[in-house]
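Dumping the structure here so I can ask a few things about it.
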Amino acid sequence: MSAPSLSHLKEAVLQANLATVQHGLVIATFGNASGIDRDQGRVVIKPSGVPYDGMTADAMVVTDLEGQVLDNRLRPSSDLGTHLALYRAFPGIGAVIHTHSTFATIMAQAMAPIPCLGTTHADYFRGEIPVTRPLTPEEIAGDYVAATGAVIIETFADRDPLEVPAVLVAGHGPFVWGRTPDQAALNALILEEVARMAWHALMLRPDLPPIPAPLLDRHFLRKHGADATYGQPA
Amino acid sequence: MSAPSLSHLKEAVLQANLATVQHGLVIATFGNASGIDRDQGRVVIKPSGVPYDGMTADAMVVTDLEGQVLDNRLRPSSDLGTHLALYRAFPGIGAVIHTHSTFATIMAQAMAPIPCLGTTHADYFRGEIPVTRPLTPEEIAGDYVAATGAVIIETFADRDPLEVPAVLVAGHGPFVWGRTPDQAALNALILEEVARMAWHALMLRPDLPPIPAPLLDRHFLRKHGADATYGQPA
Amino acid sequence: MSAPSLSHLKEAVLQANLATVQHGLVIATFGNASGIDRDQGRVVIKPSGVPYDGMTADAMVVTDLEGQVLDNRLRPSSDLGTHLALYRAFPGIGAVIHTHSTFATIMAQAMAPIPCLGTTHADYFRGEIPVTRPLTPEEIAGDYVAATGAVIIETFADRDPLEVPAVLVAGHGPFVWGRTPDQAALNALILEEVARMAWHALMLRPDLPPIPAPLLDRHFLRKHGADATYGQPA
Amino acid sequence: MSAPSLSHLKEAVLQANLATVQHGLVIATFGNASGIDRDQGRVVIKPSGVPYDGMTADAMVVTDLEGQVLDNRLRPSSDLGTHLALYRAFPGIGAVIHTHSTFATIMAQAMAPIPCLGTTHADYFRGEIPVTRPLTPEEIAGDYVAATGAVIIETFADRDPLEVPAVLVAGHGPFVWGRTPDQAALNALILEEVARMAWHALMLRPDLPPIPAPLLDRHFLRKHGADATYGQPA
């Protein structure tokens, strides 16, 4: 019986969408969040261009991993193809969020990766948050949304997407992910804050180096992995 | 019977005025929004210097396209003459909004056009948002408010005002428009955000080029025009 | 019978104090607002170091123009001496407000006067908002609060305080005034906004010149003076 | 009978934790506040990784000065060891707060001490707010949290922690303290504001000198010490 599990996911995806608005990461209808049920092969995503006010879990659109809409009369987010590409390429992730949050987008526009300048960053991202290369005219003219997914995957050829759960798409904005919609929403919030801090720190001291690897690992690993000591025991 | 249609317009113009305040685009009484009923040749605009708090649709002032006040004892916004010039010159627009929103005004003060640095911009504005030339002492000494309209129209001699629905008046601030008061209010909000992003991106990387034309068109055209795919079918 | 008039003033001074907090110009207990009844020779000012939350009109302290406390058991604001100096030197003003609002204070710290870069500024201040010279060690060691007043007055030797109703005290922050507490509170809000705009515009374009005198006068005079056309007829 | 006094302290520590959130100094679960009862040798601190929403005084964790947890089943904040080191080294302090507040963290990332550029700073901090040296790889690999405390103490070898009640830990963020949780929370708020002001003032004028010593002392001493004149008599 799959219905209970999808309604739970729809609710979690709705909450992740609302969280991006509550945290000031989204204005107008710029963002979208999705989640996946790996067992059922089902993706749940925000509908396209629908106001956040009064949005319900039932308005979330369900598709399969190829983007076939399964149970909703609303169109899915126009960025669905990018979400699907990420779910297919990164098996460990359970949710994807796209926003145009101010400072992450500024860094994406400037094509400036976000170096790890402090422990705020290290607590959530194990190293630099990269920028994709710009898309080619051919990629833009073709299946643009899928190409956006492909260029993100290319950028992570030698990175672990669960250690650096975010990317800046050049000239566009951030995509963020996590094991759950909840975690992806938190990563989107932290990304915006570390982007804000990095912009200001680099303006004051353009040659600022990243923090040393031992400090980066100390912070990342106390919140993540088998030996995490942060928070309360499960 | 024209009354129903004008009360609808008055309500829409009131809401556009209130939206500029709710979105943080206006402090004190700096802004004004208007709308036009093209069939009746009637413009509805905010009264001058009246507090936003407790403002009602009935307080909106009705004029004809020459600025003759028709049914209200309140003075219209002191910028009425600029709104009228835009309605006469740009037949496709249905609403005009003027604000002194922070970053759009900063760019207007710096006389820096806002290049299209990302898809946030491209989704709403097809290319650079221009700055007018400064007014001459003669224009300032004469009918200053009408001259402000004229210099905007001059700036759009080779631009389509529905593709770039905003301008920065040098040393002053933004004028924004749209097909409806609702759309103009959304454009005013997006303009402020793209101005904020452009200021920060240009400070970090002063030589940053605009995004390539294919990406600009891809984004603009998926939200606008006959082949738009964004949002839900009408 | 003078009591009614002072209770009106106490209420207006309370509201001006609360407005500085509501407009985000004051954190902790950094600000103070006062008003004067010229006929009675009485100044009403915020008490020192009292929280804004739950502050009442009755908590306002009444003094004469020499700073003698007349009807309150609370100590007046520690900046009283500066307010009094301004009331004695500038006969046209009816209220004084001191804040440490963020951008006005930043400009005061940088000892950077705020040039008139746009009409937002020109609508309220007829030209540059000046910075005082730093106080000498002797002035600081002596009656520091009165010396702060004296250096403001010195800065206005060749300026009309009603045309430029604000000053930045070097290394300290802004003092703002107006004909009424209401108007002074509005000037304090606009000052912060024009300081924010000027900081950003000057960072982007350090050599930016002020707007031409005709535009400055056009805007200032449409809101001020005998020929003002802004707002509704009295 | 010690219980009443600890419940008072737990409540004060809870309020200090909540204040950091209300003042926008903390996002997610980045911050922690503690207080000490010197007579009983007991420290009360926020639990680790617990959401602020719905947090109660009873959730606060009690430890001794060696970090032994005494009466709570929740894990204490992972930064407890830093708090304890400060309590042992600085006998005059009664509360410690750690945040990643935006501008204080930006300065910590840029390893830029905050010079005293104005009276906003001087009212609460008698001179420059220092940055620690970076920790060595050995310190990071060892007892990292205690080493963070040790490097703060080293930085204050020639400073009075009650005259400069804050420090920026290089590449990390601020630690702030005070005689009481209330005072530490206020210092954390003021620190963020002076960091914001310093960043902006230094961007506009990189060579800006600190304010002269007499002005610094005049402001610091009117709010602190035996001759303080600010506020109401006790």
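All chains are identified by letter, namely A, B, C and D, in their written order; residue positions are counted from 1 within each chain.
FYI, a contact is a pair of C-beta atoms (placed from the backbone, for glycine too) under 8 Å apart; a residue touches a chain by one contact, two chains touch by 3 or more.
All values reported here derive from a predicted model rather than from experimental measurement.
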Shared chain contacts [chain A and chain B, defined touch]: none
Copies chain D and chain C - interface residue numbers shared by over half, same or different: different
Relative orientation of copies chain A and chain D, as a Cα rotation angle in degrees, nearest 5: 90
CA centroid of chain C to CA centroid of chain D, Å: 33
Inter-chain centre distance, chain A versus chain C - centres from mean C-alpha coordinates, in Å: 47
Per-residue overlap in chain C, given as positions that touch at least 2 other chains: 203
Residues of chain B touching chain C in the complex: 27-30, 47-50, 74-75, 78, 100, 102-103, 105-112, 134-135, 137, 140-141, 144, 171-173, 199, 202-203
Residues of chain C defined as touching chain B within the complex: 117-120, 123, 186, 189-190, 193, 196-198, 200-201, 203-205, 208, 211-212, 214-215, 218, 222, 229-233
